[in-house]
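In what comes next, chain A is part of two complexes: it sits with chain B in the first one and with chain C in the second one.
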Partner chain A sequence: MNALTLFGLCGAALVGLGLFGLIVNPQPLRKILAFNLLGNGVFLLFGVVARRGAAAGLGGDPVPQALVITAIVVAFSATAMAVALLLRLFEETGQATLSSDDPQNADADGGRS
Partner chain B sequence: MTVAFEIGLVVLLLAIAAWIIAVRDTFAAVVAYVAYGLLLSLAWVRLYAVDVALTEAAIGSGVTGMLLLGAAARLRETEAAAAVETSMPLRLAAAALCALISAGLAAVILVPPDRVPTLAPMAMANLAASGLGNPVAGVLFVYRSLDTLLEKVVLLLALVGVWSLAPDRLWGGVPGLRTYVQPNGILTFLAQLLPPIGIVMGIYMFWNGANNPGGAFQGGTVLAAMWLLVMIAGLEDVPPISLGWMRVLLVIGPAIFLVIGLAGIVLAGAFLAYPADYAKPLIIVVEATLTLSIGVTLGLLAAGPPERMQQR
Partner chain C sequence: MPSPTIFPDTTTTEGFLLVLAIILPVTGILLSLVLGGRYVERIVLVVLPTGLGIAAAVFAAVWRGGHSLVYIVGGWKPPLGIALRADGISAAMMATTAVVICAVGLFARAEFGQPRGQPEARAPLAFWILLLSIWTGLNMVVLGDDLFNLYVALELLTFAAVPLVCLKGEQETLRAALRYLLFALLGSVFYLFGTALIYGAYGTLDIVLLSAQIRPERVTSIAVAMMTVGLLAKTALFPLHLWLPPAHAGAPAPGSAVLSALVVKGSFILIVRLWFDAMPGLSNFAGAQMLGTLGAAAILFGSVLALRQQRLKLLIAYSTIAQIGYLFFIFPLAAGSGAHEPWGSVAWTGGWLQLFSHAFAKAAMFMAAGLIAEALGHDRIADLGGAGRVLPITMFTFGLAGLSLMGVPPSGGFVAKWLLLVATVMEGQWWWAVVMLVGGLLAGGYVFMVLGKALGGASEPSKLCASVSSSREIVALTLALCAVLLGLVPLQPSELLQIGRP
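What follows is the complex of A and B.
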């Protein structure tokens, strides 16, 4: 097995790990983290495709590489937006959860304090 | 040849990724994510994608890490309340689904196509006409410049989105960046020492990006990091978002890119085309202003929505 395949498998595993975290972890901030892991996995797969397309004296196909650069920036924009939404939710409700039972919990907490 | 290094790197990456998903403390997960991002940029170097490695280290690991660390610190007390475990059947089902998806992707990697598609020869064949030496910069600013323009617009839209999450009465106020003012602290010392080096480094990365790995993004991110460092150490005030010149800096890069793009319709026959003799100077002008705009946009995105009015 060569190094390139190894990175490809790493990308595939990262997609699975990220998706698992996104589904299973109830905390929104952890979901954002998991979403970033998923994205990294996809980018890494792109990197392997780019490296396989090495030609014309280049180490890799520059087109997928440039796409990944754009993608990293767009992923950052989405993360910044998601974090801001989450912090605003926390300011409004005093909680940071997406669970559907939580309006009641929030009321109960609010009543107690 | 040196597959041992790659095996070590991949094992470390996957172990840290699994830890990020599994660990209970969110703060620990975010710290691990920053380390993971730096290791991932090593993987990019091994894939002969140094431009991507720089972007991953600067934006994917650096600025994203800072943003998430700030959020994790603020949400720390909510963690115990939110720790509702997902039920075991759902976990198993999710694990099975994710394993299936990973296996599918792995199969694609293990069985490569007979003829590997590549655009590298085409990219190299026409690169000389643009005056650029770095094929990735060529793709970003010549072949796919519409993507690059729109991605700047996405950054600005994200900033507008973040700002609009502020309550009405705080519109035009000061972003809620946490500052740590300790007159004799190490942070103050570094905030005085690093910016001159960082600013030179940022400009170098942009300038050098025409022919070597680097570019407007990576340079702009370094500038943003220096600005944030100075603001966090309390050496410079966080500016209110209503500040006029700052808003000009935010839009000047995409605006000049758009103007040059529109001029291309008249002068070169297509939107975002450059007139043959002036391609390189125009790209440099676009990149220089974009570097500034990206620096300011990233800094403000990391600083977050306004949380107080200017008079303190």
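What follows is the complex of A and C.
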């Protein structure tokens, strides 16, 4: 197994973990973290693509690297926005869940999550 | 290789208009941020008509010239550089977007105006900036020609749409916005994954270059499947629709109009570009049938749920899910025809007409719902009795928009659904026709449910919370009339929608 395959497998593992976390976890914060894991797996894939497409003598194809930098910025702003929404939700309701049960139940919950 | 007359690889004479269409709203946003809320209305007052003029100029140029407009950014040709391209669909979509955004701008002045001599509020500034951002994002989505560039455009669109949902800052809308964002993020990661695979396999992301060299390989199928699923999540096709009703119903009325009429269509256009432009002739029967099946499920599911809603805005939001379903009949009906190119088929024209007429009708309907809620102080369908007496123009608007959703002549929705029905017969895929007819009946059910309550009821509603200005009623009515006017287009494959196809 060469380094490239290892990178590819790492990317696949991250994507798998992230997807699992995004679907299974009910808490929004964990979903946001899982999204970042998933995104990083995809970024690794871009790295693999860059290395594979490189011409002889070059370290890597620069285009996927340029794409990945943009994608990281986009993922960063997405995360920032999601966290800001979550914080605001916590300020308004005292809890950070997506389930919209009625306030009585929510109070009994005591801000769990 | 595509012939040079169809895909010129140099900037065409009117190509600069495409750059203007994107730069103008961005300039408006930056100026608003610098100058602040006191000037934002004046800035919007300049930007909206200018943008409408640019969209009209692009539409006229494509219509007269009969070929796409191209702008090569910075003089760098694809695959290294990025091209902007406006074909017939882009031009029509740009025009629709401009009309709806301008109408929403006129409509929202009462709600998000900055009264003179009062302390500056934050919501108006946010609303106008988000409106301009959505316009930028949509123009980038319809003009983009590079899969990664389109990814960035789609993200800009999402980042503008999500805050619009929670502009009121209530608990429910915050939850809806967060849920929307999480769905959209999952969708965008899937799309990005597919982009990486396509770049790895073909070394280019330019749609025109891709269409020349794409091959039926496993990696292509996986990439396109991933990208399609990601885009479906953003388009809210059944079963990935869960985020849509609370988000679209929770936004303020002008916001709902933009979200429902335009934003969900952005990702749909990308799916069409992927299936028909990037991989011509590769779309397989099973995949197209599956998209059609999901569309059919969306029609039935969305319409039945719409019938069971108690709030007017939620009803309209569920109706959006159903109407999105019709769009996906393009895939089985246009791709299946072997005799001619997909864009020469009646299903192609029918599907796009459905998109445009739904944009006008749904924007009008959400505006009407906003006016009703403002005047009566609530939007419970059961208590709408007598609304027809106090808001006759608004209820007329609702009814006209409803015609288009049901597919009753004269309306754009009728022409669209009729063309799709004709296509089912021509293609021998009668099962879609059954769904369309049932969907039309169900749509009739939920529109009449509202009209019956509002026009019935002998007495006036007990109290009016606020009077609504007739100019806002007329803005909504104008959009509904646009949807009706689309019913005048001839019942045949449209020339305009084929411009710029190989």
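Structural remarks
By definition in this document, the second predicted complex is superposed on the first by the 99 of 113 C-alpha atoms of A that agree within 3 Å, B and C clash if a C-alpha of one lies under 4 Å from a C-alpha of the other, contacts with A are read in each partner's own complex, and residues count from 1 in each chain.
Keep in mind that, in the parts below, contacts are C-beta pairs under 8 Å (C-beta built on N, C-alpha and C of every residue); 3 or more make two chains touch, one makes a residue touch a chain.
A quick note: this is a predicted structure, and the numbers were derived from the prediction, not measured.
Among chain B and chain C, the chain that touches a larger number of residues in chain A is B.
After overlaying the two complexes on the shared chain, residue contacts for A:K31 are found with chain C alone; chain B is out of touch.
Touch criterion met: A:T70 reaches chain B and chain C at once. Of the two partner chains placed around the shared chain by superposition, chain B is the only one that A:G8 touches, whereas chain C remains out of contact. Of the two partner chains placed by superposition, chain B and chain C are both touched by A:M81. Of the two partner chains, chain B and chain C are each touched by A:R52. In the superposition on chain A, the residues of chain A contacted by chain B and by chain C overlap at 15, 32, 45, 48, 52-53, 63, 67, 70, 74, 77-78, 81, 85-86, 88. By the touch criterion stated above, chain A contacts chain C in their complex at residues 15, 22, 28, 31-32, 35, 38-39, 42, 45-46, 48-49, 52-53, 63-64, 67, 70-71, 74, 77-78, 81-82, 85-86, 88-89, 92-93, 98, 100. Contact residues on chain C toward chain A in their complex (touch as defined above): 80, 148, 151-152, 155, 159, 162-163, 166, 169-172, 174-175, 177-179, 181-182, 185-186, 188-189, 192-193, 195-197, 199-200, 203. Interface residues of chain A, counted against chain B in their complex, comprise 1-21, 23-27, 29-30, 32-34, 36-37, 40-41, 43-45, 47-48, 50-63, 65-70, 72-81, 83-88, 90, 94-97, 99, 105, 109. Those residues of chain B lying in contact with chain A across their complex are 2-3, 6-7, 10, 13-14, 17-18, 20-21, 26, 29-30, 33, 40, 43-44, 46-49, 51-52, 55-56, 59-60, 63-64, 67-68, 70-72, 74-75, 78-79, 81-86, 90-91, 94-95, 97-99, 101-103, 105-106, 108-110, 112, 116-121, 123-125, 135-136, 138-140, 143-144, 147-148, 151, 154-155, 157-158, 161-162, 165, 217, 298, 301-302, 304-305.
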